[in-house]
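What follows is a structure written as structure tokens; I'll ask about it next.
As written, the chain order gives the labels A, B, C and D, with residue 1 at the start of each chain.
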Amino acid sequence: MKTIHVKNMKALLVHASETIIENEPLLTKIDTVIGDGDHGIGMKRGFMAVKKMLEKKEFLEMDTLCKSTGIELLKSMGGASGVIFGTMFLGGISHMPHENFADLNQIASYFADGEAAIERRGKTKPGQKTMLDALMPAISAMKQVAENSGEIRTLFEEGYKGALQGMEASKTMQSRVGRSKNFHESTIGLPDPGAVSTSLIFKAFAEEIVKCEEC
Amino acid sequence: MKTIHVKNMKALLVHASETIIENEPLLTKIDTVIGDGDHGIGMKRGFMAVKKMLEKKEFLEMDTLCKSTGIELLKSMGGASGVIFGTMFLGGISHMPHENFADLNQIASYFADGEAAIERRGKTKPGQKTMLDALMPAISAMKQVAENSGEIRTLFEEGYKGALQGMEASKTMQSRVGRSKNFHESTIGLPDPGAVSTSLIFKAFAEEIVKCEEC
Amino acid sequence: MKELIFINKNKQHLDEVIQGIMAARPEALRRIENEYSYVLTKKELFADKVQVIVNGGGGRGPFFEGVVGEGMADAMVSGDFNCAPNAYMLYQTAKEIEQNKGILFIANNFMGDYLNNDMAKELLEGDGIETKVCYASDDIYSSRGENKENRGGLSGIGFIMKVAAAASESGENLKEVHRVSEKVNERTRSLSLCYNVGKNAIEFGNGFSGEKPTEIVPYEDVNRVAEKVVGVLMNELGRYRSGRIHIMVNRMLYTSYAEGYIMLGALKKKLEGRGIKTGICTAGNYFDAYDYNGFIISFMAADDEIENYTKRVNGFDFTV
Amino acid sequence: MKELIFINKNKQHLDEVIQGIMAARPEALRRIENEYSYVLTKKELFADKVQVIVNGGGGRGPFFEGVVGEGMADAMVSGDFNCAPNAYMLYQTAKEIEQNKGILFIANNFMGDYLNNDMAKELLEGDGIETKVCYASDDIYSSRGENKENRGGLSGIGFIMKVAAAASESGENLKEVHRVSEKVNERTRSLSLCYNVGKNAIEFGNGFSGEKPTEIVPYEDVNRVAEKVVGVLMNELGRYRSGRIHIMVNRMLYTSYAEGYIMLGALKKKLEGRGIKTGICTAGNYFDAYDYNGFIISFMAADDEIENYTKRVNGFDFTV
């Protein structure tokens, strides 16, 4: 398949929500060591809200689905990650069609513009030990699949691989942004909490996409 | 000797002051277990003030000496014991002559009326585990010496014996008065802090009286 | 009591506390320096009014170092740590501020405070100055089934202060100010409750000088504690329980602002759940005598007359 | 952060704190209920004035749960513990209280606070509501030799609040209120100092999320600590050191009222000893984020314009 149906996109988002909720303790643990310890709780809250919303509502178009997800995160989370992960789902919304499916390029551009919006909002770039260090390689990998017009399933699988590598790479970085920057050299060795969250989201996408009919 | 000269009475009071000051840790310790822990500090402060005053001033009459002592205690101490020990030296002041000596009866009556004044002020009687339990037997003993027209030296020595016995007896009592009453049964076994102070004062009197010329 | 850390060795800490308070409120307060007590008065006294002097043993504050001010005491005298101030300074302070309308001393009902206030009263009366004393006896656990007049005082004295201030400011004479102060005391009950970490239990009735608790119950949550507190205090209020209940939650040293308000909210809800009307509710740090996680909780059952004299007073360091 | 003891399990503690505060101040405050933040506003808003909204991560208080009131904030929004409130509630709160004169947000300078205030500002401007944000960056140890604008905020935000309130109440427009708020921030420096029992040492620069201290010095006494604090903060104030220094001593959880005033007195004396003029001096419990014995100490170097807007404000729970 070269496109993803809105009901499958919804399944991906539900599974991503569950994955984040499950991994709250892990996220909390990392943010406690090199941050203020609230990342897991915030992400869990945000994605519980998303999950509840998704379970209640029917979606017929890709853009309304993705916009609702982003807005739900913004409304429920707070903290740096509320804006950051909200923006991840809202910043590229213009690329999402008002249709019941999206194609490879639309998905890749959607996340790419989300990333750019985060850079603008957060005044950061990849390399400063943030979630961008997982998001950016995920996007690069997805873009390549889209350029080579691969399968939608490959797009998400490669996206996850990129995110995972990026998250791993964040371990070697010293934080330059957010509360964790005050932990200076001692941030080296641990991954960035937001990068872990990002890789978990893409992990869930990759796990779920293989289960979707018509994929 | 049947009388005490004002300069000897002053020596007695100086030695009593020194004895209380030295024993501050002991008094503090007892009041910490069955009170609020301030008795030692208060008594030390009071008798440091008395000592300083005595060292500065010349006294030619018994009544001015004893009154100054009581007032100094009142002004410097605070707490229950400020009033109580102040009253011990002020309550019987009418028995002290405006002369440079006092006799056996005057001394005994002086302390007896001091005791009565404490009873009135403090609304207590001996037997409730207070300093009265040391003061009362000291007075009875002194009175007897006076009645038998003994020596002034004996008066103070017997006074001390009485005080000591009374202090010992206070150990078996349960407190019914002041902060320590809230420690209920657990006050049994320890002496009353104020009774210890009282016995120390009479101990100092007894120790000093033997060193006085003309005694 | 835990040793204070931020002090200067070999100095009189309480004297330095008073200096610090003067640094914060030079325009409102005046200090009467003396060797053996700590005395603050209003800089400008209301003329022609009963003067209210709150006094007690020195502590970590704000009772009583922080109580002088509008709607509160005209002066405060404190002694050394845990030690009632001496009668002579009470007398001197009263002489210095009295305005021909008499003096009301307010103190907690401990022996040392009684003895010194009583003697000061005698000295003042000897000089022709009318004087009365109100002793706060709100601590329900401080005596075993004894009369209220034998009980000690806790933070409930805060209610008495502000009512006495309001009554005296409204021009009442000493007899009246004293009467209404006694009425407030009569209708105030407090208890201390401390969390024991090791036992995960709440100890009721710990004294601040180490007196043993009266009762120990397993700790569950704030709502359960509030339920129990409401039961005990309302029962203690006896025939005054129909009054409007003013709540004062006093946090102990280790208990946070947030927990103070959680407790306050829980108490108010429980009272209202029983159909009891509540009055002014406050949570703060008033009487800092316990090295514990816990509270002193005071209820005052106001009648119409008392309500006249109760409004919230924003002290410098707390609201009461 | 030490776990709170007096809470109800499985409940939102911060929500219960807000309920408790409402119990204490029903006549003055209004609560905007919502699922994901904690919002209090004045019950009666000044019409025709810039509205000042203070916001930040939830904590043990009184910053920020306790800051709404006369001479202080018009509203406060707090998020969960340590978590900046979300942009959407900032936006909604502003929409609810704005009076056609614009909104000033005041927050501490942390990434989460920046991101949410910045987004709220964008949303409000989209609706035609003029909005500005002032980020407090007083914590001198929060960045290593970096610009002030990269620093985080501590309790110095208290100075900004009250000046912004005074300026907005005196009718200044948003641009002016914002300018003077920024000026106060520019002239405010704070540091944290914690007593380490085991080492008998003072740790300077501990962060409240466990960031390591910048410097550790053996502890001697308050006077020595005050000397050091004055040296460091005056040096940090750089070209503003000629201003009149307002002192705010913020006690940490385990530090008593008495010690707060001892520290305040010592700081004032040291400053005056150097010939430096002091302004309003306060000691209190404002920003309760540290499980330590210690202080956050803030100096603000006021110029004549700022002096115009500084008077002591008796908040409900503290004076600033």
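Convention: a residue touches a chain if its C-beta (ideal position, glycine included) is under 8 Å from a C-beta of that chain, and two chains touch if they have at least 3 such contacts.
In this text, all values refer to a predicted model and were calculated from it rather than measured experimentally.
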| request: Work out the mean Cα position per chain and let me know which chain is farthest from chain A. | output: B
| message | Could you work out how far the Cα centre of chain A sits from that of chain C, in whole Å? | response | 57
| How many Å are there between the centre of chain B and the centre of chain C, using C-alpha atoms for each centre? | 34
| message | From the mean C-alpha coordinate of chain C to that of chain D, what's the distance rounded to whole Å? | response | 30
| field | chain A-chain B separation of Cα centroids, rounded to whole Å | value | 83
| note | chain B touches at least 2 other chains through residues none
| said: By the touch rule stated above, which residues of chain C touch at least two different other chains? | reply: none
| request: Counting only chain pairs that touch, give me the topology of the graph as line, ring, star, complete or other. | output: line
| request: If two chains touch, include that pair; go through all of them. | output: A-D, B-C, C-D
| said: Residue numbers of chain A touching chain D in their complex, please. | reply: 32, 35-38, 41-42, 45, 74-84, 121-122, 177-179, 181-184, 186
| Quick one: in the complex, what on chain C touches chain D? | 4-9, 13-14, 16-24, 59-62, 65-66, 195, 219, 221-223, 225, 253-266, 268, 278, 281-285, 288, 293, 295, 314-319
| field | Contacting residues of chain D [partner chain A, same complex] | value | 35-37, 57, 79-89, 110-112, 115-116, 118-119, 142-144, 152, 207, 209-212
